[in-house]
Each structure stands twice: as structure tokens, then as C-alpha cells.
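Naming follows writing order (A, B and C), and every chain is counted from residue 1.
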């Protein structure tokens, strides 16, 4: 076996995680697995042990389970570590032990087919294939930009930020006036996009530049795939925009917001900090901080619970 | 004329299609057209002859109509073939007679600007321009990957599968834990994407790799454009995901499912085989097999009819 | 200061705009700003002066405000021009005075990494990096195609049309028949895409080619990002498709339609001219001209007002 119980104990000590260990103490493991695709010789974890199928786990060899402190798992013939925050602890352990298997970890490199016109970038830059970064772009340190990405216009990206493949940052926003012949004329978009530190932008996103000022995405914002962020939007610290979220122009999304998949938000409104939406929510007016809002059109359902994600 | 009634008869015999022919027997045709944009000298077809505007067809020269067996089209001055499954029969005939006009049919080729890092691919591979296929990818035989596509990480693609332009396969999934300072940290995604045979993935799709195991797309799955398939999803045999469908993480979509445009599906749930949704359906919990579900949130409306697409 | 009141007066005269000027007449300005991010020495504008925070504007130096004719803004210590159509007038002035800052204005150029296979294009073509334009494509004059764009199959694009980055035009439409073994077989798509003059297609769009005839997008159509236009669709003159709009196959969108973000439209239906939808509207059947329709499924709410955008 590549790893043993001892390796886990060392990491728990390193992170000052209090733990209680039960069961087989000489277990070893080569890899990891989720509960619904169990493999022998693996580390796994459970969020809520009440629903655990112990018999199924017992049929596998050399399983090591990370479970929540306070849970009770009787009749187990495998190893169990009870810890606070099992989710975080499990992923920290696999990140440490299996780092070389993580496709996200890249050596700094600019791919041969990438076009990097800017000279303003920091250390440890990674740029994937067929990506274009225009001259007017500024990049911080430890920036990772994957494949087939377009970054155009006045875009600034902070440190430790990652842009997934196929995303377009800095496209023209959507706005028009009508001339004397009733033809729609595109409003010019002079603004840029300012993206903070530790941000992750998913694949296939479109982030439009601002009209007269910048579109802003603060530190620790995370977006999933196919998210649209429009001109002049202001996405605050730590907001999470899941897949297929649409934020119309000149809208503010509050700190630590969690917008469920397919949430669409009208232009020019303000979502308070810590707002949380259900899947497919359509928001047509400003919403207060700290609420769960659901439906079409969205209504406040209740207060958001602490740590509700 | 390029083709005559005789060419149709030969193909119907080849495919063992029983038919009944009425009207002009010496008609010829050069091309094809849909009913709402009729052209002279064309082959066309009708799904439901009850609504057919016979007078309009009579005004065109040399029309040949494929209609459903059992239909009745009186007063027609054009040629009519009555066959079982007119839709299938019509498209088989045009596929055979006009194959050289089909942009989908490509000679094997790797475009000069494509980056194919993998050495694991079968015969008759087509790769379009500005596509990147990373070293860790495995491709079967007769795989077609069009333009500006990104395939990254541990992705396996089966035989006779096509990936349309602008799609990203193998992007990181969306998941986080929060560290002691309440900063969101990206959960590592070690899994890959396994795609079966005879699959077609549309343009601008994003398919995320799994977290601890693979995202799976079985044989004969078909997706339209701008579809999102998340980490750990399991899309079963023959499922049809139409445009702008969003499948959240760790969700199963049953065999031969038909998800209408804009359907969004919550994470961690299970949709039974043969499920069918209406446009814009938002599914918040698991759904039984064989049902039509509609609405926000989705409710079962009725049983799905045989051959309802 | 770079510009003064005099420069504005000259432009208003050039465009035959009647105006009334109040306040400081020797103001100068270097740039522009929106009302919610005021900067000294700037030109700005207001849509509805009733909600204007005059005290806040008074605290900035050298502001010049464009306001609607007939509005009243007492106690202002800054310069004000009252004009008809303040929105149009403001953007015309900034377009004229600050043209060199507009990233949209490009010199004709084909980027070194672009692949332009077609020889059928007019004057003043701009093609960005990693874009592929296949041999069968025809482009008019003054066409701008940005980065990582795919244009494949029989696509025609008219004069003064712009395609934003990451968009795919000419992908195969979504349609199938089932063979005798119940396998889904892709229906061939022989049609192309015909795009008119003065069209703007946003970033990350997917526009599928037609099946037996063409997908058509008429003059002055404008799409925002992540819009899907399916096979055989017919989008009429001046229609506006905002972000994440989904138009299913064989559907017609009427002239000067305004479809709000996230609107999804069922296949094979017809939306009348001047239709206007609310955000997240799901349209399941044809809709009459000139109406505002909202909801899931969509219902007519009222008549659309003149100039309602």
C-alpha cells in the first residue's frame, strides 16, 4: 500500500484537527473513491453517517472512512476517523497525498500556440493552447489561464486567479440607442473588467466589459460553467455563481452570495450579502441580505442558515 | 433532372420499405426543401398530411412528397410516396442521394493548427482548427472533433463520436470547502470524463470532470448546444439533452430521457429512464421513470407516450 | 482640460440637437463617468432627473451633465445640457470625442493565427486570433470577427456585421430519427446560416445551420452573450436577443422583438413583431404582435409601449 493510517494521522496533526479513530489500525490505501463507487484500498468520506450502508462498505478491503465528529457508525469492519468538518478534512488529505494526480496543478508555462500580447504579467503564469491575451490586459502573479480563452480590452486579473477553458472576458456589453431612422446603434463600451485575487472563473463564461466604468469581480468569487456576467456588474467578495447563472447589466451581487444553477437576475438591481437562491430562480427586483429567495419571480422564503451552501 | 422516381424506388427496396406511389410517375428532382420553403424540382416530406396545403404544392413543378402510410392527399398533381415512418425514410433518401452536400461528412484529417498531444487515438480521426487535445486523452475510431474544442485531463471518447465546435470537455468541477479564515478553497477534481460510442456533443457545451470518480456519458447520448454537464454526472444510454439544458453535479439522467430546452436539474438527484420534460422545466427532486414532468418546480403531468420526442 | 463646453455645443449643432444649457459655462472635462461612479472633470448623463442626487454631484469638480429636455434640476453648481433623447445624445458625444478609447474600433487586419479559408470577403475585414472561417463562408464589407470564433459550413454574413469572441456559427442542428434497432441517428443538416447587414452577434453564441433550408438572421439583429439560435430559425429585422436567450428550431422571431435574458422559446412557433418578454419567460406557443408576454408558461400581460426596451 502506498499510504497507511499513519500518513493520515500526520496530516491531522499538521492541520491541528482533533480526531477519534476506530476500527482497523493497520489499514493501507492506494487511492480514494466516493461512496457511490466504492473501490478496495481507498480513502473515502461521508457527510451524513445516518444514511451510510455499512454492510456495503464492509464488503470492500482496506477502506478508510472520514466521518463527522459525533456520528456513530456501529458494526464497521473498516477504519474510521471522526473529525470536525469531514468534508474539508477529507479533501485536504487527498490534496496533500495525491497532488500529482490533480490536473489543476500546472507548472508555469505559456503554450506554443498561445498569443500573449501583454507584457504586464507577474510570476508563475500559465497560459494554455489557443488562448489570446490582448496587449491591454494586466495579469498578477500565479495566474492560470487555460485553453481557447479570450481576454480582450482593458482587463485586470489579480493573483492566484484561474480562468477555465473557452471563456471570453472583455467582450462588448449589450446596449443600444436608436438613431433618427429607428436603426439600433451599439452603445460604445469604454470600460474594462477588474478581477480580484483567488478568483476562479469557470469554462464557457462570458464576462462583458463595462460601459463608462468597469465590470468588477472581487476576491474569492467563484463561477461555474456557462455563467454570464454583464457590463457594469459588481460581484462582491466570495460570491458563488453556479452553472448557467445570468447576471444582467449594472447589477450588484452581495458578498458570499450563493446563486443556484440557472438563476437569472434582472438589470440594475442589488442583491444583498449572503443571499441564497434556489435552482432556476428569476430575480426581478432587489433583494435584502441574508435571505433564501426562490421562484419565478423570486420571493423571500426564509433566512439563510449559517454555512448553507 | 439529377434524380427520378426510379432512384427513390431503388432506395425503398434497399431498406425494405413498403410503399404506395401516387401521381406523376416521371417526376425528377435536383434537390430537397422543407414544406415552408418550397422549391421546384425538389423532394420534400410531410409529418401530418391533414394540414397540408395541396394547392400551394400544386403550384410547384416536379415536387416529390414523402408522406405517412395511411394518409390521404386528394387532388395532388405531384408525386407522392406513402411509407411507414416518413421522417426516417425521407432523411435516409436525402442522406444517400445528397451525401456530398452534407458538411458533417469529413475526410480523416488533423488540421494544421490543431494541437493533438495524445498518441492514443484510433483510425479515421478528424480534428478541426484550434482544437487542443491533451496528452491524457484517449480517442476511439472514427472520432470527429471540430473547431476550437478543448479536451483536457483524463477524458476517454468512444467510437463514432462527434464533438461540435467550441465545446470544453474535462474542465474542473465546481466545489469548495471553507478554510479556517472562511475563504472558499476549490475542491480538487481528480476524476475524468468517459464518453461512449455514437455520442454527439453539441457546440459550446461544458462537461466537467468528476471529483473522485468519472463523469460518465453512455452510448448514443446526444446533446444540443450550450448544454452543461457537471462533475460526477451519469448520463445514460440514448438520453437527449436539448439546447441550454443544465445538469448539476452528481446527478443521474435515465436511458432515453428527453430533456427539453432550458431544463435545469438539481444536484445529486436521479431522473428515471424515459423521462420527458417540457421547455424550461426546473427539477428539484428525483423523478420516476417513464413520466412527462413540467413546470417550476417540476411535477409529473402524465405518462410519456411511446415514441414521444 | 481636454474638452470644454464648446466641444459639446459644436456636436449638438452637427447633429441638429436643440438644447438648453444651464450652470457653469467654462467647464472642461477629460473623460466620462456613470452617475454611480462619479469622477471629477467628467461628462455624465441622467435618464430620469427626479432621482438625481444633486448634492453628490455638487461635490465633484467640473461635471457636465446631459439631461432630458423638460427636466428640472435646481441648485446645481455644475453644467447641464437639456436635450431631447439624452441617452442617444450623450453616447454620440462620447463616441465622437473618445473614439480612440473604444476597443470596438479596429483597423482591418487578419490576425496571424487566424485561419481564413474562404476567398469570398469584402473590404475592411477584421479577423481576430484563433478564429477559423471555412472555405464555404461568404463575408461582406466591413465585417469584424473577433477571437476564437468558428464559422463553418455554408454561412453568409452581410456588411458592417460583427461577431464577438468564442461564438460558433454553422454547427449542426439537433434532430434525429430512430433506426430499426431504436438507435437515434443524426438527421443531416444541409442548410446554412444567412446573416444580414449591421448585425451584432455576442460572445459565446451558438447558431446552428438549417436542415433543408437556411437559418436566417436579418439586418440589425443584435444578440447578447450565450444566446442559442437553432436550425431553421428566422430572426427578423432589428430583433434583440439578450443574454442566455434560447430559440428552439424552426421558430420565427418578429421584427424589433425584445427578448429579455433567459427567455426560452419552443420549437416551431411564431412570435409576432414587436413582442417583448420579461426575464426568464418560457414561451410554449405562438404569440401575437406588439404584446408584452411574461411568465412560465408565457401569457400576454399588456400591449408593448412605444420605445419600450
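A few comments on the model shown:
Keep in mind that, in the parts below, contacts are C-beta pairs under 8 Å (C-beta built on N, C-alpha and C of every residue); 3 or more make two chains touch, one makes a residue touch a chain.
Nothing here was measured: the structure is a model prediction, and the numbers come from that model.
Of all chains in the assembly, those touching subunit A and also subunit B are C. Rounded to the nearest 5, the angle that brings the Cα atoms of subunit A onto subunit C is 120°.
Computed from the mean C-alpha positions, the centre of subunit B lies at a distance of 30 Å from the centre of subunit C. Taken residue by residue, subunit A touches two or more other chains at 113, 130, 148, 166, 204, 226, 244, 262, 296, whereas all remaining positions touch fewer.
On subunit B, the positions that touch subunit A within their shared complex are 113, 115, 130-132, 136, 148-150, 152-154, 166-168, 170-172, 174, 176-179, 182-184, 186-190, 204-206, 208-209, 211-213, 226, 228, 230, 232, 244, 246, 248, 262, 264-267, 282, 284, 296-297. Put simply, subunit C touches subunit A in their complex at residues 32-34, 37, 44, 85, 87-88, 91-92, 94-95, 98, 101-104, 111-113, 128-130, 146-148, 164-166, 198, 200, 202-204, 220, 222, 224-226, 238, 240, 242-244, 261-262, 278-280, 295-296, 307, 309.
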